[in-house]
Amino acid sequence: MKISFSTKSLRETFGQTLVELGERYKQLIVLDADLNTSARTVLFKERYPDRFIQCGIAEANLFGIAAGLAAQGYVTFPSTFAAFAARKALDQVYVNIAYPKLDVKIAGSYCGMTATECGPSHNCAEDLAIMRALPHVKVLDPGDNYELRSMMHAMMAEPGPVYFRVAKVNAAELFGPDHNFEFGVGHLLREGRDVTLFGTGFMTAVALAAATLLDREGISAAVAHIPSLKPIDEELIVRQARATGAFVTIENHRVFGGLGGAVAEIVSREYPVQLEMLGLGDTVFEAAPLQDLLRHYELTPHALAARARALVTRKRRATAA
Amino acid sequence: MKISFSTKSLRETFGQTLVELGERYKQLIVLDADLNTSARTVLFKERYPDRFIQCGIAEANLFGIAAGLAAQGYVTFPSTFAAFAARKALDQVYVNIAYPKLDVKIAGSYCGMTATECGPSHNCAEDLAIMRALPHVKVLDPGDNYELRSMMHAMMAEPGPVYFRVAKVNAAELFGPDHNFEFGVGHLLREGRDVTLFGTGFMTAVALAAATLLDREGISAAVAHIPSLKPIDEELIVRQARATGAFVTIENHRVFGGLGGAVAEIVSREYPVQLEMLGLGDTVFEAAPLQDLLRHYELTPHALAARARALVTRKRRATAA
Amino acid sequence: MTRLTSELHQAIDAKAFAIRQLCLEFITCAGWGHIGGSFSEAELLASLYGGIMNVDPQNPSDPRRDMFVLSKAHASPALYAVLALSGFFPRERVFSYCRPDGLDGHTQRGQCPGIEYSGGSLGTGLSYATGLALALRLGDNFASRVYCLLGDGECNEGQIWEAAMSAAHYGLDNLIAIVDYNKVMAKGKLSDLMSVEPLSDKFASFGWTVLECDGHDVAEIQMIFHRAKYLEMKGRPTVVIAHTVKGRGVPEAEFNYHWHTHAPSIEQAGQFLAALNKTYGKQEKFSRPLASPKDGGLEAVIFGDLA
Amino acid sequence: MTRLTSELHQAIDAKAFAIRQLCLEFITCAGWGHIGGSFSEAELLASLYGGIMNVDPQNPSDPRRDMFVLSKAHASPALYAVLALSGFFPRERVFSYCRPDGLDGHTQRGQCPGIEYSGGSLGTGLSYATGLALALRLGDNFASRVYCLLGDGECNEGQIWEAAMSAAHYGLDNLIAIVDYNKVMAKGKLSDLMSVEPLSDKFASFGWTVLECDGHDVAEIQMIFHRAKYLEMKGRPTVVIAHTVKGRGVPEAEFNYHWHTHAPSIEQAGQFLAALNKTYGKQEKFSRPLASPKDGGLEAVIFGDLA
């Protein structure tokens, strides 16, 4: 499988899709907290200035206002960095939005480690765990531009709160323009017998590359992409547990309660298999360019392949014994 | 095993232990956000008014002030409801406290569903998942008064941030006055062969009662108590996986990323076994007395025993086949 | 005063009494609830739902209605009471307060007619009200207004000031905030715990028109809200600082933070009703025999199952 | 003005220039950073570290020191620069900015001498500074003061007002806040996006003594801080509202939100230095050849491993 990268970043697609949806849905409103050129909501602002609301640097207020508008029938997209949605305004998201199931679509920009040089205060590798723990909130991490766009169309068709990640990253292309995102549906991108590598967001590309490396040494790795963390594709996960009996997950997130945690919760209940998790540990962030961060925290194809290899070797030894 | 209940609530023990520690540690400061008689920090306030700081109804400020004091060598106990620590002031906890590893001990009062009649805004069944996802923060849920007291002594001896739960509940007595809490250490309260029931906080008592019920029908259930969710007793968990091959967890928390999630992450990696999780689902809270909530959400000995029974039956059938 | 207004005022005073009595009944039956902040807001709510706001119990979702946000959502009992007494839902329903499938301890949007806002976390209501007021603007609805009732202790919360700043920035003259300035928060007096003085200067410096009144004097309340609605400056939000007494009507509870959150025993409830009768020159009796539950807690559940 | 003060002022002006130049160098080398807010605070930092604050680079943890909290922690470059130029750590170290194991994009407590506060999330610094000031009180330290520099856009954050309310409530006269009032936030002017006017009224209504000055005029800055330290009212915190120009010194960057966060190319850096030289009548050259990295992102990592 050849991997090719988009020249457009996910955040750019986010901004462009907002414009596209704004045309179709007159009740769509975008709210900002002084980050519109970073988060790319500026594109919507330029096109629909009357439906763009600037809240200043006040994230609690941003989500409160978004909730009030939603209560009056608008579909609101309050936009800020993932850190400020999932940490700074969490209580507002919970009490005023999640609980009453208001139609608020929360884009977490600069998610995971993609705030790069901004360092710890802006990086947010907890958002998936946090949002997964809230009631009623759907939690999504798109793999590429096509998926992000399709996801945004899907959330307009489904009332209720959604949290979705928007990375400041050019992603590898996993899908094509006809890709159809569905809540709770994952995708088996590559078949394999020995182990399944699970990815979410743009990190699935690392899993694909690792599978290529493993292939070279005779290990057959399946690759599954999980864009919808809640609801999650339990069926796919259980099927792969039966088929390969060993999992490695990789995510742009800490290894507590994120993709790895969600998959572990399911396989433990339904069909226990050995599972290794790659992601950020209980660690501080360095402020650095993305390529340095990925290497520093060992979130590379080589590192993933090494974990998978060890797992498969153990499994083969156990079967032989 | 006979279960007996304390006539003193966990929050009362919290207040009393603060007073006790205040005598010994002159650098200990308690901070409040207009909840001191509820959280029982009022006991400390009455005894050491000079080391009690009232911050008003402003939780972000509460944690910021606690951080500043800690930076100057004080050990601070900012106290508020779990909901307002884990949700309302999460960013302050993360950026100003967790990251620089300041010596701040965060008591989450009225944790889980123990805010009872207050309903959703005050109940907080996400705090364990959220706090576990933060770097550097130790996460604790004490099983009884003895353990809470010992835990508070232990955290004074160990620099750095701690989040610990304080329930508004009279707990069953799991331990005695000589109990010694250690970070990362769990306790096997009851041996058993067929299944291990894991509990944290005061819910471990439900596991003990369920084990008694199971015993009556010939199922031998071990009971393990996990007061320290991060760090967690991996050794105990793996040992029980080998010994019993089947787990049920129960917690005063949602089933996403809490005790069940933590145990699932470990067994999946180390020794996969079947695991069922009991707790709150993706659901809204009712405002109601605790006894009604426990029954409403099926967090009773009967419900736990039923899950364990089903699991053991399945396991026995599989072994027989 | 014309005879008509004086009749109106008497009706509102009567409703305020009825609110207090009903709150007392169902808080006692629930064994939980906030007496102090419910009693301090009684005349304000009776006035808002007694003609100041444009609401219709028969059509509570009318798009042309005025909207009410109880930011101090712990004082929901008085709101449930005024809604029930105004015919938004059957009076009986308030007795489901804090029971499974019943009315929540704090207001939850959509849980019963007339509740617009999910709250309980203090500080969040004014932002939400700002969102509602913006929505009216965007929808070219110039008929409706949004009213938002804040606690005085609640004004410690920074989010109140974020919302205040933004509402002024947007020029939302369809937004009227009210502060139930009862001088007491949960655990003591504001002046001891965290003062918000000078409160009117604060709102003024955040760009609001500030009015003040006695929050128990129905005539003054009426007058001030008429000013707020019709006479105040265009292009600015207005705040009414209503000076009130926490626990008003029951001398033992007045200014007494013990009765911020606390349910009376059956016996105490009887004493409270007697005190209310005395204060307001009434001779009302409870509408039903009161019974309050006991929470057996974890113990009851465990021993119940083990038995 | 005496010859001595005028010499002091010249030295501070020179330091402010050196701060700007050094920021320009290492921001360019990092390929990331906040020019605008670093340049607007240059004279303020040069003054604070040029005699107003009691700090000792040889003994940065002296318990009797004054403490500084950069609440607008994104403008860390100017702080790193002034600390390096004042001898807190070797000048070379600033070039580790935004590199693994280097200086963080926002200040992180303990990462290098002189940094007291972990920030980056706007709005959180004044609460922390309030905690520091309370600690001085509790420790009977009446010699030290806490200085806290806020952004003007940052004053949108409610937590600033929570902290302001509490610092006044506690009567913390050992706390001096400074607002870098450069009229611009990240994506535009405050007056367009979210105005904080009238800012001095706001602080006054929250119980603070308010002083104003031109934040680029060193003589005025000196005078105002002397007033803040010695002449102002006891029992109240003081805020200095410093009127500044975002990006000050480089006409292209002045009041231009594009240069809020943005690293110049090597070529632009040369032009910026030329502009700085022109503004301040200098003829400085870069201290080293500049080189800026390229982030190959995910693509570089994947294709690197696959190769």
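Observations on the structure shown:
A, B, C and D are the chain letters, set down in written order, and residue numbers restart from 1 in every chain.
In the analysis below, a contact is a pair of C-beta atoms (placed from the backbone, for glycine too) under 8 Å apart; a residue touches a chain by one contact, two chains touch by 3 or more.
Quantities reported herein were computed from a predicted structural model and do not represent experimental measurements.
Least step count on the touch graph, chain A to chain B: 1. Any chain bridging chain A and chain D, meaning touching each of them, is among B, C; the list is complete. The chain with its Cα centroid farthest from the Cα centroid of chain B is D. Between chain B and chain D, the centres computed from C-alpha atoms are 41 Å apart.
Separating the CA-averaged centres of chain C and chain D is a span of 44 Å. Centroids built from CA atoms put chain C at 35 Å from chain B.
Of all residues in chain B, those that touch two or more other chains are 55-56, 58, 60-61, 83-84, 87-88, 91, 95, 99, 120-121. In chain D, the positions touching at least two other chains are 108, 118-121, 123, 156-159, 162, 165-166, 169, 194.
If touching chains are joined by edges, the resulting network of the protein chains shown connects every chain directly with every other.
Of all residues in chain A, those touching chain B in their complex are 83-84, 87-88, 90-91, 94-95, 99, 120-121, 125-126, 129-130, 132-136, 230, 247, 254-258, 260-265, 267-269, 272-277, 282-284. If you check the complex, the residues on chain B that touch chain C are 3, 5, 32, 34-38, 42, 54-58, 60-61, 83-84, 87-88, 116-122, 169-172, 202, 205-206, 209, 212-213, 286-296, 300-302. Against chain A, the residues of chain D that register as touching in their complex are 30-33, 73, 98-106, 108, 118-123, 153-154, 156-158, 185-188, 192-194, 261, 293, 295-303, 305-306. Looking at the complex, you find that chain D touches chain B at residues 108-110, 116-121, 123-124, 126-136, 138-139, 158-159, 162-163, 165-166, 169. By the touch criterion given at the top, residues 123, 156-162, 165-166, 169, 194-196, 198, 201-202, 204-206 of chain D touch chain C in their complex.
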